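The same chain A turns up in both complexes below, where it pairs with chain B and then with chain C.
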Partner chain A sequence: MLWYTTKRLIQGIITVWFIATATFWAMHQVPGDPFVGEKAVSPEVEANLKAKWGLDKPPLEQYWIFLTNMGQGDFGISFAQESRSVNDIILERFPVSAILGILAIVFAGLGGVLYGALTALYRNQWPDVLIILLVIIGISVPSFVFASVGQLLLVIINQIVGFTLLPVAGWGDISHMLVPALVLGLGTMAFLTRLMRSSMLEIVSADFIRTARSKGVPAAQVFSRHQLRNAVLPVITVLGPSVASITTGGFVVENIFGIPGLGQSFVLAVQQSDYGVIMGTTVFYGAFLVLMVIIVDLLYAWIDPRVRLE
Partner chain B sequence: MAEASNESVANVIPGSGRQLIRYGVYAVVGFIVMLFLLGQVNQCTGMRSSSIGAVHAGSGTITLNLAQEPPQLDSTKATDQVSGMVLGHVMEGLLRYDADNNLISGVAESWSVTDTEASFTLKQDLLWSNGTPITAHDFVFAWRKAVDPSTASQYAFILFFIENAREITSGDMPVESLGVTAVDDYTLHVKLTEPTPFFLSLTAFPTYFPINQAFYESRDGRYGANAEDLIYNGPFTISQWVHNANVRLEKNQNYWNKEAVHLNVIDFAYILSDANAIINLFESGDIAQAGLNVELVDRALRNRWDIRQHVDGSVFFMEINYREGRLTRNYNLRKALQYVNDPSELVNKVIKLPGNLPGESIFPVWLKGVNGKFREEFPAKPMMTNHDKAREHYALALEELGLDKITLVMLSGDNPSANKQSEYYQSKYAKVLGLELKLDRQIFKQRLQKMTDGDFDLVLAGWGPDYADALTFGDLFTSWNENNRGRYNNPEVDRQIDIAKNSSDPNVRMAAFARVQDILNEDVAILMNYERGSLYVVHDQLKNVARRSVGPDPDYAFAYIVDEES
Partner chain C sequence: MALLEVKNLHVEFTTYGGIVHAVRGVDFSVDEGETLAIVGESGCGKSVTVQSIMGLIPMPPGRITQGTAHLRGHDIIQSKIIDGKDIRGNFVGMIFQDPMSSLNPTMTIGAQIAEPLEVHRGQSHRDAMRRATELLDMVQIPEAAKRARQYPFEFSGGMLQRSMIAMAIACEPLVLIADEPSTALDVTIQAQILDLVKSIQKETGMAIILITHDLGVVARLADTVSVMYAGEVMEAGSVDDVFYRSAHPYTLGLKEAMPTNQTGRSRQLKPIDGSPPDLFSPPTGCSYAARCPHTMEVCLENNPNAFPMQDGHQAKCWLHHEECDVVAEELHQA
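Moving on to the complex of A and B:
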């Protein structure tokens, strides 16, 4: 187990290095640099800027400097928001994305498992048909539509009740989080519902269920210990990467609800050619995703003793 | 999906429904507990946007949205509109603009400007927000900082009217040689490189704002990074700045003219760029001002909001590549494109947002001329759309170039409005001339880089003014201007701009600009598109908000709240 963990971590580090390298070179291939602006700068000012930021050095040397700094956990300063370090930006904005992401994933996970189990129990009856219909909508409609519609509904609801029941946008307390988290988690919840449903149906006819029941194990116990526990495994497998994709994929929702999360800077940095923030956020998210996958693999072994990590 | 195909109902374990309900209840309870816990954790991140509504007469508070986080509040380096707007509220130059867009006294009490120099007498006893006196040295320090090569300010060029500024920025002269001196604490003396009749309006521009040297140096390179890394001399101070979440301005108690400032708090409680989300906030009474786009106009009309119009000062045009080897160097081809061009159609049928004006000249309608408006004194030649003439010129162009068919590349931005425009031109040129237009859509920076590299035949471009004088548009197509991305080169344009730059006589200057206006049209240097306008809505109770084409916009410094009309 320890050896396995170490091995996976080393693999993870190599993956992150690869992500960093690929991003670094791809980024420098894109036309334009952080100093391209609406107003052309004179050659002198451009030379001053490049010298100041070390962009006048040969690419290989820049890459080496970047790697050395990254090794020490330093991503330098933002080009677009000078005088602010990339680490500060990540530290400040990631918790917001993380809170929103956790809430969304909890919502998606709980909802997915419950609705999935429900549809499996009432297969081909009205709850199943209704939920599967909603699932199709949830999977096919993109989150910006849900976000916009959700926000518009809030405006209407607030107008009807005559006071601010839930704020339309902004960030602060629970009331600000609820709707964005629901919107953010909706797609994943729909996907998990479908996964849970098929997994439940597959297991209910498995041999060990029949054995358990014929042994006389109480029905409730068979359901929770044997069926549910086994059926939830595939859900957990996809949950890990979903955590990463939900916390990163929040750009649209963050944008519409004015939430100061990291997803926003992730996308804006690319548009602004903000080299420091592009590298910082990409490597950070890359590492985060890799870590999540490793954690899920370890968790898997813990939940399902049949899985041996060798 | 591999579903068990056994008879399903029989396979349901009895009692599992009740068990599931129990789990469901656990889940809901767990979720609520989680919500509260996360709410508590979030308190620690300090990210809060609490609001007391759009306007609050009792406390003199207005709540607004900011389009983006201000990227740079070090006035020597700020380049963007949002930073400029915030700085305009919390800092003050020698002069400033009032609510009617007249230049009025700021830090300077009196001034005089000649062709070669300017001098300013500062008000005495003015204080920074930390209690330090404001002196002429603060201006000398800031201006030197802005042209210093190590600052590498992208707006250094706006100080190039001051002696030696250009040479200092290119590293050829020491920073101390800048032509600005503090004769004493309250007298500032400036040497100019050329007659600059609009120099006073420059002193209201953020790059010209003062910076206190002692404070700047005490921040150790972090000047402007946070609210506490700045001191203020404008009508407001930044009392709270949570990055990417909110910026809160409070009335500056040390401001010399605080009687004229009526608002106590300007709370930029939201940082949002999504137009729909912003209008949702406006409709729900959370913010006091919001912009409208084409899709939102109907909603504003339905709600019977008071829609207002603002000309932001920018001019949009199609720039043509004149570099060696480009087909667009051919005069007849350009002339053909010009005869197809129909700015009214573009504005009315393609852009469709009221408030935009069809473009007729590189000099927009709001510019001052000799006595009145430049465009009234020197009207632009009317645009003549004529498809027959266009085809004639196109035939000539084909003959001269020895081609059967011409294909051009049009570079444009990659957003819905730019796409609509480029597709309009694509179909128009194909229909009228049989010319094929290839569209090269690029996001902001990439488009600008390709423009700079000359990697285009035609490009949808625009220009916003840096100061309130025709020169900011007039010198755009001189051979020495780096913003002349098509590298248009005409000795006569250069000569006329030289004449304008070496005179302070408005008659001479405006005549030169008028000549440039004619040449650009005759020679088809560019094809005019439109002058940008915008629509916006403001809360009924908020009055005296200044909008302007040059300078901090919008300006709430002298705004006030009226009581609700019953």
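Moving on to the complex of A and C:
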């Protein structure tokens, strides 16, 4: 188990290095630089700034400096935001994205398992048909559409009740989080529902369920102890990758709802060619996703004893 | 009254293709310390018979349309509860054909054996686990304490079936139903499992209903036999009567299709020609008539009742009608 974890972490570091390298070179291939903007900078000032931030050095040397700094946990500074350190920006903005993401995952996971179990229990009856219809919508409609529709609905609801029941955009307390998190988790929830449904239907006719019933185990206990735990395994498997889709979905949803998360700052940084922030955020997200996948794998082994971690 | 008595059981399944009449008027009974074997080819309704009594077939599509089943005089078709307790796992234990898939892959063996004790006896998890270890020891699994904490994938097929037996007898049931307990195991393990079941029966005096299509297993273990075909009991009686004084052409056919130790042309295997009737629309006459070497006119038109002979031996065949001139001796010569 310990050796397995170490091995996976080493693999993870290699993955992150690859992401960093690819991003670095791709970024330098994109035309423009941090100084191409609305406000023209005189060539002398530009040369000064480039010298200050080391952008006049050959790319390979820049790459090396970037790598060594990153190895020490330093992502450099932002060119666009008054020389703030990228670490500082990540530290300020990531918790916002993380809360939103965790909430979305919780919505998606709980909703998926719950609705999936419901559809399986009421197979081919109206709750099943209704939920599956919603699932199709949830899977096919992109999150920015849900975000816009969600905002529109919020405006209408707030107008009907006459006060701000839930704010339409912005960030602050839990009331700001609910709708964006729901919107963010909706696609994943739909996907998990469908997965859970087929998994439940497969398990319900399994031999060991019959065995449990032949022991006189009450139906509720057969459901919780024997059926649910086995049915939830495939859902756990896809939770890792779904963290990725929720994170990338966060870029869009954060922008629409005006949430000051890392996704919003990333989109802004790309528009401004803010090299430091782009690199820092990408590597940070990459490392985060790799870590999530490893955690899910460990979790899987804990739930399913057949998975041996060696 | 017998310990478990089933009378005129009918089970149907509604499918897209129509209604399958899987079990059509089955009777059997079993007493304490006795072993009843239900034999017959695949699809003849042996498993459905016992699983429907135990409420283990999905309903719908399955449904018991007629018949009674009494355990110590209690009607167990109407209600699986006796004295406030579920009979399953408590008064009746069951083991199944494929031990690999019949155990929950994400629960330890010990916890699965402990489960009926917790459910029926209200034992604490710790006490039940201790008892589970004893039971594993009883079914001759070495290092039971360690094994109880392991998962099914860490066990071999034979050990899993032993664990299934431990689970089924945890609450000291009156009846053990063994649904093809040795079919999925290799031959040497089969013998061990059957011996184990028999020795437990000697200790506890429980009744056993053994479902199998292996006549060798029947000879080894059973006291009485019911031969099933197309959802009906064709012949029933003591092992000796059914094996040595077979009264139904189907039983004779089965015996001729069974390999023996003898060699030579006379001992060539004789398959039974044809295939079992379509249970979507069972024949009005005898269901074996289409394959029987002795078919008479009456066989095609009327389904015979069971004709009783001596010592509870009975056969569902017109050859035993008093007006029929083919006698038992001739039947065996044929």
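Observations on the model:
Please note the rule applied: the second predicted complex is superposed on the first by the 302 of 310 C-alpha atoms of A that agree within 3 Å, B and C clash if a C-alpha of one lies under 4 Å from a C-alpha of the other, contacts with A are read in each partner's own complex, and residues count from 1 in each chain.
In the analysis below, a contact is a pair of C-beta atoms (placed from the backbone, for glycine too) under 8 Å apart; a residue touches a chain by one contact, two chains touch by 3 or more.
From a predicted model like this one, the values you see are computed outputs, not experimental measurements.
With both structures placed on the common chain, the touch criterion links A:Val222 to chain B but leaves chain C unconnected.
Of the two partner chains, chain C is the only one that A:Asn230 touches; chain B does not reach it. In the overlay built on the shared chain, the residue A:Phe146 is in contact with neither chain B nor chain C.
With both structures placed on the common chain, the touch criterion links A:Glu44 to chain B but leaves chain C unconnected.
Contacts of A:Asp304 after superposition: chain C is touched, whereas chain B is not reached. Here chain B and chain C are compared by how many residues of chain A each touches, and B touches more. In the superposed pair of complexes, A:Asn158 makes contact with chain B only, with no contact to chain C. Using the contact criterion defined above for the overlaid structures, shared-chain residue A:Arg213 touches chain B and also reaches chain C. Of the two partner chains placed around the shared chain by superposition, chain B is the only one that A:Phe257 touches, whereas chain C remains out of contact. In the superposition on chain A, the residues of chain A contacting both chain B and chain C are 205, 213. Chain C meets chain A in the complex at residues 51, 54-56, 58, 80, 85-90, 93-94, 96, 98, 101-107, 115-116, 119-120, 151, 153, 164, 167-168. Put simply, chain B touches chain A in their complex at residues 1-4, 6, 8-9, 11-20, 23-24, 27, 30-31, 34-36, 38-39, 41-43, 45, 47-51, 65, 69, 71-72, 74, 77, 79, 149-150, 152-157, 169-171, 221-225, 229, 242-245, 269-274, 276-277, 280-281, 283-284, 286, 442-446, 448-450, 452-453, 464, 466, 481-483, 485.
Chain A makes touch with chain C in their complex at residues 205-208, 210-218, 221, 225-226, 229-230, 233, 303-306. Partner chain B is touched in their complex by these residues of chain A: 30-33, 35-45, 48-49, 51-52, 80-84, 89, 92-93, 95-96, 99, 102-103, 106-107, 110, 113-114, 117-118, 121, 123-124, 148, 151-152, 154-155, 158-159, 164, 167-174, 176-178, 194, 198, 201-202, 204-205, 209, 213, 219-220, 222-224, 227-228, 255-258, 260, 264-265, 271-273.
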